[in-house]
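So, here come the structures, one by one.
Below are two complexes that have chain A in common, paired first with chain B and then with chain C.
== the complex of A and B ==
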C-alpha cells in the first residue's frame, strides 16, 4: 500500500489482495490517507483481483468520511473480476468508479478547470 | 470429483487456492469468478465471526457438482449466529445495498445471496451451503 502525491491529487495504490489477513492494515492506511491528503483522493485498485466485504466496507466508509470533510474519494482500477462486485453493492450510486487510474486523474483535472 | 478441505488458518486456504481455481475454471467456466468470490467470503465469515475466539476450531469446506449444480459447503465448529434474523434484515439484497450504502460492515451475506442461486444456513448458522446453477 503506497501513497503517491501529485499536484492536485493524492493516490493510495493497493498492490495486494484485501483479505482477512490485511483488513485491519487497510482500514488504518485508508484512515491515515483520508486525514493526511488534500481534497482529491484516488484509491487505485488496478492491481487488486480480490477484496473481501470488509474491504468494501472500508471504502464505503472512506467515501462518506471524505465527503463530510469536503473531500472526494474515487476508486480507480474497477475492471474484471472486481467490477462485478462493485456493481452488485451499488457503489456507483454514491461514488465515482473508473476502469483506469488515468480516467480517475482526468476526472479531477477536468473538475479543477 | 469433490474438493474437500479442513483448515484452521487463512494461510492454509491460500495454499489451496490454485487447486480450487483450476477446478472451477475446468468445471464451472463462466461462473468461476462468482463461485470463488462466494467461497472466499464464506470462509472469511467463518474465520471472522465463527472461530476467531475459539481454541482448536477449524473450518471444513467442500465443492462438488451434481446434476448441473455446483455446491459449496462451508462449516465450522465455532460460534453460530442468528441467521434468520440476519436474512430478515437483508431482505432484498438490492434494497439492502441501497439502504446501507455507506455502512462499514454487513455486506458479505448479501453479496453471496446475489452471486449464488441459493444460499442456505443450517446448524445454527455454522454451516452454509451455496448452490450455483451451471446451465
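== the complex of A and C ==
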C-alpha cells in the first residue's frame, strides 16, 4: 500500500488482496490518505484480485468522508476479477469507478479545465 | 572455570622447611664432629661463607614461595567470591521466579523447587518422582518427553498437574536437560500456569455455543401450504455469523422472503443481523411494499450503526414477494449475489438493482417484477456458498448452483447443499445460507 503524490492528484495504490488479515491496516491507511491528500484522490486497485466486504465498506466510507470534506475519491482498476463485485454493489451510483488509472487521472484533469 | 592448582604453594613450603631442618641438623652434626676432630680455620671460614650463601638463597626461595602462595590464595578467594555472587544471583532468579521451576535428576526425582512450586504444590515435593504430580497419568506425555530430555533434547509441552488441594492446574512447560561433559545430569523444568487462560477460553466457548443455539433458534421454521413450500439452511463459518433469512405469509396469496448478509463475520456481524431481524416481521407483514421495506431498512441501518462509529457497517439483502393469485414475483436486490428463479424452460437471475443497505443516507430503489409460471423455484443464497464452490469466478459458481438445483429438484435445501459442498475444502471462511421456495399451483 503506497501513496503517490502528483501535481493535482493523490494516488493510493494497493498491491495485495484485501482480506480479514490486512483489513484493519487498509482502513487505517485509507484514513491517513483521506486526511493527508489535497482534493483529488484515486484509489488504485489495478493490482488487487480480491477484496472482502469489509474492504468495500472502507471504500464506500472513504468516498462519503471525502465528499463531506470537499474532496473526491474515485476508484481505478475496476477490471476482472473485481469488476464483478463492484457491479453487484452498484457503487457506481454514488462514486466514480474507472477500469484504468489513466482514465481516472483523465477524469480529474478534465474536471480541472 | 580455572581449576585451582591441587599442589598449592604451602605444601611445597612445608616439604622445603622439613628438608631445610634436616639439612641444618646434618650440617650441625657434621660441623661439631669436624670441630671436635680438629678442622683448620680457613676451611671453617669458607665453610661458613658457603653456609651463609646457601641460607640466603634458601631464604629468598622461601620468601618467593610464600609470595606466590599468597597470590594464588587471593586469586582463589576472588574466584570463590564471584562464584558465590553468581550462584546467589541465579538462585534468586530461580527461587523468586513467577513461573514454576524445579530440578529433577536422571531418575525423575525432584531435587529442587522454587517458591512458586511450593505455593502451588505444597511442601511434599522434593524427593518424589514427578509422576506423582500428574493429574492424568494415563494421558500424560511427560513421561515420554522425559526420555527425550535425558537424551539431551529440550522439550516444550503441556501438562495438567494436581495442586495441594487436589485441583487441576494447566501448565505450559519447558524441560531443559542439564548437560555436563556431554552427559545429561538431570533437567530443569520451567512451567507457566495457564489455568486461568484455559478457564477463560472454556467460558467463551460456552458463551459462543449458547449464542449459536440462539441464532439458529430464531430462524423461521419451514412454511408449508398447498401452494408454497419455503425452507432453508444456515451454516455459520465460526458457529455464529452475520447471515439471516426470514419468510412470512403476508396474506393467503402473498408470501415475503428476505435473505441478508451483514458485512464481516463473527459476533459483531451476528449482533447486527439479530438487531435487524427484529424489524423484519413487522416490515414484511405490515408494510409489505418492497420499496418501502428496503428504504426503511436502509434508513434504520444507516442511522443506527453509522451515525457515530468510525467504520462503515452495511448489509446486503434480497427481498422478494411472491403473489400466487396474480402469479408474479416482485423483488429488490440490494448489493446481494443474484437470486435464481427457476421455471420450466428458463431460469432468471434476480440481479442486484440497489446499493447495499446502510451506506447512503437515502436511497430510491426500484422493484422489478417477474411473471410466475405454474411451478417455480426461487433459490436465494449468500456469497459464502459461492466462495466455497469457486473462490474467484462468481458466475461459474452461480451456474453450478443452478445446475445442481435443476438436477435435484426433488431435494430440499439440505440435500442440495450437501451436494454443492461435497467436493469443496471445508475451510469455511464465510457463513453459508441457502433458501428454497417452491411455488406450485
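Quick note on the criterion: the second predicted complex is superposed on the first by the 113 of 113 C-alpha atoms of A that agree within 3 Å, B and C clash if a C-alpha of one lies under 4 Å from a C-alpha of the other, contacts with A are read in each partner's own complex, and residues count from 1 in each chain.
The criterion applied here is as follows: contacts are C-beta pairs under 8 Å (C-beta built on N, C-alpha and C of every residue); 3 or more make two chains touch, one makes a residue touch a chain.
Note that the structure is a prediction, hence the values are computed from the model and not measured.
Colleague: Looking at the combined model built on chain A, do chain B and chain C fit side by side or clash?
Modeller: clash
Colleague: Contacts for A:21 in the overlay, against chain B (first) and chain C (second): which applies, first, second, both or neither?
Modeller: first
Colleague: Who does A:103 touch here: chain B (first), chain C (second), both, or neither?
Modeller: In the superposition, A:103 touches no partner, neither chain B nor chain C.
Colleague: In the superposed arrangement, which partner chain does A:58 touch: chain B (first), chain C (second), both, or neither?
Modeller: A:58 contacts both chain B and chain C.
Colleague: Once the structures are superposed on A, label A:90 by its partner contacts, choosing first (chain B), second (chain C), both or neither.
Modeller: both
Colleague: Touch test for A:79: chain B only (first), chain C only (second), both, or neither?
Modeller: Neither: A:79 stays clear of chain B and chain C.
Colleague: In the overlay, answer first, second, both or neither for which of chain B and chain C A:39 touches.
Modeller: A:39 contacts neither chain B nor chain C.
Colleague: What stretch of chain C clashes with chain B when the complexes are fitted on chain A: 44-52, 116-124, 170-178 or 332-340?
Modeller: The answer is stretch 332-340.
Colleague: Overlap of the chain B and chain C footprints on chain A, residue-wise?
Modeller: Shared contact residues on chain A (touching chain B in one complex, chain C in the other): 20, 50, 53-54, 56-58, 60-61, 64, 81, 84-85, 88-90, 93-94.
Colleague: Which residues of chain A touch chain B in their complex?
Modeller: 19-21, 50, 52-54, 56-58, 60-61, 63-64, 80-81, 84-85, 88-90, 93-94
Colleague: Over in the complex, which chain C residues touch chain A? Could you list them?
Modeller: Touching chain A from chain C are residues 261, 263-264, 311-314, 316, 335-338, 351-356, 359-360, 391-395, 429.
Colleague: Would you tell me which residues of chain B are touching chain A in their complex?
Modeller: Counting only chain B, the residues touching chain A are 10, 33-34, 37, 40-41, 44, 47-48, 93-94, 97-98, 101-108, 111, 114-115.
Colleague: Spell out the residues on chain A that touch chain C in their complex, using ranges where they run on.
Modeller: 20, 27, 49-50, 53-54, 56-58, 60-61, 64, 81, 84-85, 87-91, 93-94
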